[in-house]
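First the structure, then my questions, so here it is.
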């Protein structure tokens, strides 16, 4: 666009820059707070980083705070296990289901397809009590399987893979048949490797989804050793009349935010791809 | 839906699709039916007796002032979040679309908040606005505003809207930018030749072409506000003060696990389910129609 | 090495029958081309031989064994697809080795076969590349390499040259011919391009709408086309067709413009007095000095090709535009009249209803 209005371009960039700063502001203040001692935070409003960074983070990781009962280190590990479990779990079963739906003809195929489709409309928040009961009945409370399994069957990944599989030329499948391979060979040797980029994109989205889960872990964990990080942070805030360990809380929040943010920044392309394609 | 190439195995597909179907049945379909079933039952707190009561639970909640309040609160909350998040995002996206240089860098910096969990975002904003240690509350008090969201319902609502929208701006920005960048440059250039100013070009050409994206995001933002913002409420206000931020999903949680009102909370779940399903269905219908121009 | 036998094969999709009773015995080592326009069913026949389509009726036998129930992998065949179907994430080497790997062949043997095929096809320097790094012609050769290493009984080709540019096509045709002479494997080749068919095939199966219109050598199909369809399909520019009537004694034929042409070898007494379709190839017209007993063509327009001249015009009051191909360069003006003759043995007569050749 040939625009001879340089001040407009300047304004555009200025606004964008300002926008980025405003958006980053809360994170900045949190980071700053995580580097000061508690006194510094309660008595003034520090704007620049302090000198207690190592000390605070170390304390958070090894001791935690107040009555939470678990260290941030443990909780981070739980969050990590949950995130990875959900990401790998969802990707695996969705690959299999999409493969079945696209490449086979079997009775109930459309029925199963619609069943999977329905899950798109049922986020966990609308069925919390009954799902909790099911998990309790299956003795899966306070366990990693309880954290992971109920969340790995939603439809977005299946649809993404289905869409991708539809674009794979039929001839590749026929070539494999002529080369002597059956459906399993085709799936592992050809289809899955070709789906690499979709898998990467989904991994980013699902990892973030799993790591950021709040309501579900809240419901099914009472044993502190299974708390995920976000639950722990909220617990730290629940001090009633007492003093919240702000510096620890802030450090923990930073720790809670860093992994997903890093993933988005370094895998931005896959992230964007995953977002735009799952919404079709 | 049909591919020409089909494998002939009859049993294998069932094994392949089994994991997803089993989990879907056990953790999605069955609980959904349970919620429906429980919504027409009345169970006492000890779980000893259940009585079929028809639509009595629904009648009861619709006359319960707290529930009606939570519907109102939810509506105000979700539409505010949607409006704030979408308009800010649209504004930034329009700016980013114009900035030819550095667009990717801006994109990175505006998108990353999406990686932050709603509850973590809540903690950030809670810290800033906290009456005792919050930097912004200090500033507000300094200019004469009596800021204490633990007492003032309106202020509490403001805070949760802000915390929820902050994160959603990133999401909306991503889609708006993609939508704007997909508009063929020739349309905009033709309008420029016709003499339209940048603002006019945006509103009369770009925005209408963006309407599918807009509608899509509206639904997504509303569903987000209905469901995923649970963490925000739970972390900052726990529904208070005085039910000022008691959105529906929060009330369901509270009634299920703290008041143990099973029939009532099941009825509320059913209603929330119904709303979410309707929104999603409307969206699919609309998208399908629009795609066929 | 094997012979392939198509015994009265039929194919239906649901209620829709698309292949109607085709029979052919393909000899061991023969290169047979299935030729026909789009939609005639040639690819379907190929896929039936491959095992990618179920045979509704009839049998296909390879080396005497009926293969109807066998999966493609068990028929010992190899196929080159129109779009090559190379596995995009594998190197050229792995693409060629894949079929052997599945059959659990020893690594050393696989290495040997792939290297040998790569040498034959001049692909040795490309073995570590991925398909997207190769040109169209190179990909085509990889597709063939994949077939060669398998050392199958039968090669199947599904319009392999149609995605290449014209010059490359000519080159690849030659390479295919040389390859076949070197390896001698029975090959079934599908195409819609008659030049490919005429130059590559030992025999042709010309297909029309699911039927085998004619099976024969390229020259047979050219000189003695069995149906009007085959006559019109083979040869470029296409054969001219006229409505004509045999004289009552069946010894000569009357064409528009009132001329009588003698009919070859003794005439056709059975068709005396009947209306027939007369076919004359453009290249069989000859210019003649004498004006009587010659066909008079009123020139409409002329195309100078350099080596030949194509003259388009009308006989008598006929509305049909006819084409004559004359060697050398002629500058005829529009409206001029040419005198042309044709040797009797170059006349093709077809029954008006059945459209079959009238033999004599």
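When the chains are written out, they are named A, B and C in that same order, and each has its own residue count from 1.
The rule is simple: contacts are C-beta pairs under 8 Å (C-beta built on N, C-alpha and C of every residue); 3 or more make two chains touch, one makes a residue touch a chain.
Because the structure is a prediction, the values reported are computed rather than measured.
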{"item": "Interface ranked first by C-beta contact pairs", "value": "A-B"}
{"item": "Identity of the most central chain, Cα criterion", "value": "A"}
{"item": "Subunit B-subunit C separation of Cα centroids, rounded to whole Å", "value": "63"}
{"item": "Interchain centroid distance [CA atoms averaged], subunit A/subunit C, Å", "value": "59"}
{"item": "Centre-of-Cα separation between subunit B and subunit A, whole angstrom", "value": "16"}
{"item": "Multi-chain contact residues (two or more partners), subunit B", "value": "none"}
{"item": "Multi-partner residues of subunit A (at least 2 other chains)", "value": "174"}
{"item": "Subunit A to subunit C touching residues, read off their complex", "value": "169, 171-172, 174-181, 185, 189-190, 193-194, 196"}
{"item": "Subunit B to subunit A touching residues, read off their complex", "value": "3-7, 9-10, 12-14, 16-17, 19-21, 23-32, 34-35, 38, 92, 95-96, 98-99, 102, 106-121, 123-128, 132-133, 135, 138, 166, 169-171, 174-175, 178, 185, 188-189, 192, 198, 216, 220, 223, 226-228, 230-231, 234-235, 249, 252-253, 256-257, 262, 265-266, 269, 272-273, 276-277, 280-281"}
{"item": "Complex contacts: residues of subunit C adjacent to subunit A", "value": "50-52, 71-73, 77-79, 81-85, 87-89, 98-99, 102-103, 146, 150"}
{"item": "Complex contacts: residues of subunit A adjacent to subunit B", "value": "1, 3, 8-9, 12-13, 15-16, 19-20, 23-24, 26-27, 29-30, 33, 41-42, 45, 47, 92-94, 96-97, 99-106, 109, 112, 115-116, 118-123, 125-135, 138, 149-150, 152-153, 158, 166, 170, 173-174, 182-184, 186, 208, 211-215, 218-219, 230, 233-234, 237, 246, 249-250, 253, 256-257, 260-261, 263-265, 268, 271-272, 275-276, 279"}
